[in-house]
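Shared chain: subunit A. Partners: subunit B in the first complex, subunit C in the second.
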Partner chain A sequence: MSTTPNRPSPSNWLKWFDPRQREIGTWAFILNRITALGLTLYLFLHLIILSQLAGGEEAYQGFLDLIRNPIFVFGEWLVIIAGLIHGLNGLRIGLTSFGIAIPYQKQFFYILMAIAVAGGLYFAVRMFAV
Partner chain B sequence: MTNQWTLNLLVYRLKGNGAPHYGSFKIKANPDEYVLDLVERIWAFEDRTLTFAHACHHSTCGACGMRINGVEKLTCITPVHTVAKDGATVKVEPLRNFPVISDLAVDMGSLFRRMEQVGHRPVLELADEPAEPGIMRSQKAEDREIIRLADCIECGLCISACPIATTTPEYLGPAVLAGAQQSGIQNNRKLLALIDSQNGAWRCHSAFECTAVCPSNVEPAWRIMDLRMQVMSERIKNWFRSGK
Partner chain C sequence: MLETVSTPKKGETTWLWLLKIITGALIFIILGIHFVVNHTLGTVEGGLLSYQDVVAYYQNPIIPIMEIAFLIFVVSHSLIGLRSIFLDLNPSPRALSTVNWLFSAVGIVSVVYGIWLVMTIVSRGS
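Moving on, here comes the complex of A and B:
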């Protein structure tokens, strides 16, 4: 029976990202995981970028010129989106953990994600407008 | 004339160390029948080796939990027409997050042991129940004598639906935490320590799937959140006590 695929195990982590037949709460869970991973990766990239300062002004200026490339700007926009989704969903988790709005957690999630989308659009206009 | 649908039931099969696979059974069904009736008919007329658990047929024993088309259901109260249409394929699988014993039967021993560990009471004095949103409890002394069965029937659907239970065998799980909330963690330091541990109330990541699949209105997610507040309250009280 050790071969059973149903046994709980850390190796099942990919199942976290399977939303089929699940409720909106699973989407919130998945988005929170993905954005958390993305933001953690960004934190390390950010520290690497800051370490360029140690190479002197020229090295840092060269790096700044590189990240003005539209691909890097798009990456920064993704960071903002991830921050909005993770932060706003974190607000939902924090408030429901204190017993606030538990019966309305789905509606709460929809409203907060609408705010995240609006914020994403605002920053897209600001960052990509010629 | 009785309405008859033709359904294709894909039933999860696993025996011993063999490879899991799905058995296909074409079956006539009345749309108002329950899914458990179909599983029983397969066992009675198609394949006597099919293993599954059931007992009461009226959602009291909690034995017949399965996944129907990927969603946890108590099959004895799940009408066919709510999960299928005429000619449809219906996938029947065992609950997740419990080791499969054989086919659709799973070993729920971990759930039962943990329910005992947290002191879950299957029978309650009505006045002792923790308050729930929108429910007023009687304060009359004579009502303390009223007892009733607890809502939780220990069917395990919530644990099957929980994404954290999928990856963390040590996580107590929604039903157990709901049982602890019902027991009350005040004045029970051992239980408080268990609930306040890394595999207790804080491990929940608020997917609310437990509440979505619960067939008995236990609302495990709400109870987990209530436990968190109780834990915080106890921590603050202890902080003041330790300062004296």
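Moving on, here comes the complex of A and C:
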């Protein structure tokens, strides 16, 4: 890797938040990490909240009524976006790990993210259009 | 070249790295099924959005098997992934060891709880 002027280190932490002169691979890395944290949070919320099913019909119906609130729908949309970005970028990581598509992985990344954006728009229309 | 592909991190064994990739691929497939099925089946518009529909769905023996497998893949993937984020912080061996124990415990508890929940839902149909 060539030396870049923007190389963060713990002693120079302000640089961590400097978006300039980052390569596309760094953006892929950052996106992958942020979506990973969001999806992990969602996973455990999802597992915990589904215990309402054990509480029987009334408990589960109460939960279903609660999540009709647009705030929860927006949260679900964020989960879909994160899932698309993480899953599609993960496809690239998985393939390149086995030596596939390495020379054109940047183009591959752009195409995958274009699909993620298109998917995000599709679900935004599906979820918010009344 | 080394920097351009995903390789095991320092402190991450090759097996964990491989497991993360394999579970990632499996999640890609099963999450697709989970998502489409849960949003199209059932008697309510929008998917399995009633207690009876969920219980009925779980009466097909393939479903509890698929969901438990999915749970194991997704919990493993998320905890191995969280661990690799933690490794980026250059943890001391002691901190890493604590995280190893903590994440293993969280993983086991989650899977045991998930199996209990699936079996509870299955039993409501009989």
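The definition used in the following text is that the second predicted complex is superposed on the first by the 110 of 130 C-alpha atoms of A that agree within 3 Å, B and C clash if a C-alpha of one lies under 4 Å from a C-alpha of the other, contacts with A are read in each partner's own complex, and residues count from 1 in each chain.
Here is the rule we go by: a residue touches a chain if its C-beta (ideal position, glycine included) is under 8 Å from a C-beta of that chain, and two chains touch if they have at least 3 such contacts.
This structure is a prediction, so every number in the text was calculated from the model and none was measured.
Using the contact criterion defined above for the overlaid structures, shared-chain residue A:26 touches subunit B, although it does not reach subunit C.
In the superposition on chain A, A:13 makes contact with subunit B only, while subunit C stays out of contact range.
Once the two complexes are laid over each other on the shared chain, residue contacts for A:37 go to subunit C alone; subunit B is not touched.
Looking at the shared chain after the overlay, A:93 reaches both subunit B and subunit C. Of the residues of subunit A, those at positions 1, 25, 93, 96-97, 99, 102, 105 touch subunit B in one of the two structures and subunit C in the other. Within the complex formed with subunit A, the residues of subunit B that make contact are 14, 16-17, 20, 69-71, 94-101, 106, 133, 161, 163, 165-169, 171, 205-209, 212, 221-222, 225-226, 228-229.
Residues of subunit A touching subunit C in their complex: 1, 25, 33, 36-37, 39-40, 43-44, 47, 50-51, 53-54, 56-57, 60-61, 64, 83, 87, 90-91, 93-94, 96-97, 99, 102, 105.
The part of subunit C that touches subunit A in the complex is made up of residues 3-7, 21, 24-25, 27-28, 31, 49-52, 54, 71, 74-75, 78, 81-82, 85, 110, 113-114, 117, 120-121.
On the side of subunit A, the complex with subunit B involves touching residues 1-13, 15-16, 20-23, 25-26, 28-29, 32, 92-93, 96-99, 102-103, 105-106.
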